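In the two complexes below, chain A is the common chain; its partner is chain B in one and chain C in the other.
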Partner chain A sequence: MASLPKRIIKETERLISDPVPGITAEPHDDNLRYFNVTVEGPTQSPYENGIFKLELYLPDDYPMEAPKVRFLTKIYHPNIDRLGRICLDVLKTNWSPALQIRTVLLSIQALLASPNPNDPLANDVAEDWIKNEEAAKAKAREWTQLYAKKVDDN
Partner chain B sequence: MSTYEEEHGLNDSDETGNHRNTERRELRNEFRELFQAYGSNNSRNGNNDNVILLQMLSELIPEDLQQEWFEQIDSKNRKSCSKEFIDSLPRIKANSIKDKNAECAICFCKFLEDKYPLVAELPHCGHRFDLECISVWLSKSDTCPLCRDSVLSHKTDIDVSKTEMEEDWGMYG
Partner chain C sequence: MASDEEYSLQFDEDESDEEVTALYESRNTSEFTLPDLICHKHATIISQESEFDIDDDEDDAIHEYEDEDDEDDNDDLLALPITMSTKKALSEGSVPNLKYECLTTQGIYERMLKRIHHLQPLFSIPPDDILILMQHYDWNEERLLEKWTEKMDDLLEEIGLNVTSKKIVDNTNSNTRGLKYRKDFSCFICCDDKTTETFSLECGHEYCLDCYRHYIEDKLHEGNIITCMDCSLVLKNLDIDQIMGHASSNILMRSSIKSFVQKHHRNYKWCPYADCKFIIHLKDTSSLGEYTRLHYSPFVKCNESHRFCFHCGFEVHAPADCNVTNAWIKKARKESDNLNWVLTHTKECPKCSVNIEKNGGCNHMVCGNCKYEFCWICESAWAPHGKSFYQCTMYNNDDNGKTKTTSTEDAARRLKRFTFYYRMFNEHEVSAKLDWKLGQTVGIKVKALQEKIGVSWIEGQFLSESIQTLVEGRTSLKWSFAVAYYSDPSHNLTKIFLDNQILLAKAVEELSELLLTKQPEAIMKKKPDFYNKAGFVENRRLALMECGRDLLCKGICKPTD
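Right after this comes the complex of A and B.
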């Protein structure tokens, strides 16, 4: 395995020394490019009181290429598909090497606070969201209760 | 891959097989073109039929494949800078870097950690990076990592026309 770039080491250190409120990111012992992530659902959103697990992987080209991030916890959201893949501009076309793990996770948290059902990615959830936003939000709350409960010591 | 005919012991001539493959390839290309048309249609004033058709198609095409196509389209649409442009970026002398702690936003290393730092400044926005770091980025993109300013758009003329001024306002607004 190629040695870890200094930037990744620095980012990891800063994540630990200066953590982001409501977000944790811990590298795997055996692969320092792979992070276990948790994101708290933003208050006043349907995801409030939920803790969502994600996986984050820094590809070989990082930071020239965006991290790969995926939800592991099931979530009902118009920009997140069944496999947990996230439709977010900074993870695709709007990636910049000046962005970091920290800013990406904050963007994801912000996406939970303000879903964007008009995104062109084909998704049944987005359709539901546009048709009946209140019902969709209720379902999102229900899923948060079902799958993203805080009691989990993993 | 075994076909229906093989599994059922039916003899199918090679010619028909090839023909089918070609057909399949053509169909895939058509899908891809449609995706392309849809992907570039930001203004939404285009053809509504396309959108409906695409929704139907997207139910049929595996999501992984769709994702792959979108990424292909994205990478094709992305602009990058020529080697000549990158080589022509102005360099900054170490003694003109006043902030001792100033660091490159790409590698997170302090410029002055290096005795002989090679630092480049982007035209127009003036953001500074290690030459090595920004070179790699600009070979895949034409934007400043910090402000997303399109570095190529200001390159040629110093005589700034009114339309360009307006663009700049938008960028910093």
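Right after this comes the complex of A and C.
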């Protein structure tokens, strides 16, 4: 593997030395571009008390190209589909090289706090969300309990 | 392939056509002499030139294409006049002229620049800024002006042309727009510390030139407005060129125009021919409805002389209209799997079974081995084709006697019928391609003419014109089989259409054969023949097209399944 760009080294160092509250990101030992990520469900959201696992990969062209991020934990959210793919502007068209891994993860956390059913990725979920928001939120809470419990399986 | 005697006979054969011709619009068999023809030809060339009015403002030529009616006028001069009844039919169903122009992305961009130059007094900002505004509003001048009068200051800020105080990074060194040279600069993007050139806008977000170049390179082909990497402040074309070191903003502008063309596909169409860079702009699409109603097709021609239908984007498919074309193509695509057509370029000689390759468009084959003359299409002897009727364009309904058929038999018959027409369609397509290839060699022939017998360029033009006529004739003939397939076979007009088809097929084959002449002297000697045959093809083509349109207008030809 080619030597790691200074930018990635610096970002990784800072993620470990000065972590964002509620978020962890650790690079794999054998691939320093691949990160194991956990994001805590924001308080006062249906995802409260949940810990969500994600994977994050920095493509060769990073930071000119956005990092690739995917949820590994099942989640009931209108902008996240059943494969864990995320519909978020900063991961697509609004990506800028001035953004970082930490800003992206913060954006994802913010997305959990404020779902946007009007720009859906999971159409069925978005439909539920628009029709009956309370029921949809209850289901999201239920899924958080089922799949994203704080106590680790290990 | 055929002997010279046959050529000399060809024009006397008109009498035998008479009865068929009389069924539909016939033409007057008028004799003319060579000087007449040349004179007419010149007149045609002049009249064609006058059709191009070149706007001083634009670099691109503007064509005024007047559909088929217009061509009639030229062809009347060129060849046999059409009878009054045909004329009447043509004028009755006339459609408004198509006014279009042929452009390139660069041409459209340059035009936009001129517009901006005109508009500048209305704005109090530099042209580069107006360009960004235009890009933001998708090159829609009216919308921009409307928004501009509504809220000009907010607009500048919204789009990122003005700096707001809160966005400015507190770094007095960086807050000027442009390139800088820095020692021990730490770039926030690549995190490298180095002595380098940097760039920043008034916002003060300063990055090394390498990162900026990489960033811009990726964005040029997207065609969107490029902003600072950290805020919404816009990079203008001058900034882009400054960073990249050359005129890269032109690529961005062309990409932007490209997406503009794609978004406005009702008025703008890319020429569908491979690698053609031209765009046809139809200013007024309101007449297109009239074209559809009268079963005309809006054929346009780009500056590379590629002709296509503005409506369906397909080649010139007359006498078929867009509906028939679509239905036919779909059907052919579906059926060709079932039929598993193996249409190759070789056939066995029906007499001696030696393999023969067809290397020209002409369907009159002479076996190199046994000298047997036969028709490529029906594989029977050529003799009956040349004289009176060109029979093999006709589908022979061989089960006239049967009255009751089972559904399977019916399906089989329908398939057989389609197979026949599909084969005819295919044969003429292949022939047209071969004719086109032949046309490529015409250039060499013309050159040989000029060198060997000192013929001027303009006098040698009749050869390439004949090829053009031939290919157009073949294409119409090809599509006429689609029309024939969808037409009610029992109707009298269909029969007339088929007769016209035979006449065109015959004319096309004759011209195709004539074009195989190799010796330059022989070509010059046959010049009147070339004019006659080409005029013949053109007239028959027009008659067939009118007849086909008649079938469509009267609902006799209806595309099904």
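The working rule: the second predicted complex is superposed on the first by the 149 of 154 C-alpha atoms of A that agree within 3 Å, B and C clash if a C-alpha of one lies under 4 Å from a C-alpha of the other, contacts with A are read in each partner's own complex, and residues count from 1 in each chain.
Keep this in mind: contacts are C-beta pairs under 8 Å (C-beta built on N, C-alpha and C of every residue); 3 or more make two chains touch, one makes a residue touch a chain.
Everything quoted here is computed from the prediction, not taken from an experiment.
In the superposition on chain A, A:63 contacts both chain B and chain C.
Judged by the number of chain A residues each one touches, B leads among chain B and chain C. Look at A:10: by the touch rule set out above, it reaches both chain B and chain C. Contact with neither chain B nor chain C is seen for A:103 once the two complexes are overlaid on the shared chain. In the superposition on chain A, contact is made by A:81 with chain B only, not with chain C.
Contacts of A:92 after superposition on the shared chain: chain B is touched, whereas chain C is not.
The residues of chain A shared by its contacts with chain B and with chain C are 5-7, 10, 63-64, 96-98. The residues of chain C lying in touch with chain A in their complex are 188-192, 205, 211, 214-215, 218, 229-230.
Taken together, the chain B residues at the contact with chain A in this complex read 38-39, 54-55, 58-59, 63, 66-67, 71, 74, 77-78, 105-109, 133, 136-137, 140, 143, 145-146, 148. Within the complex formed with chain C, the chain A residues making contact are 5-7, 9-10, 63-65, 96-98. Across the complex, chain A meets chain B through its residues 5-7, 10-11, 63-64, 81, 83, 85, 92-94, 96-98, 120, 122.
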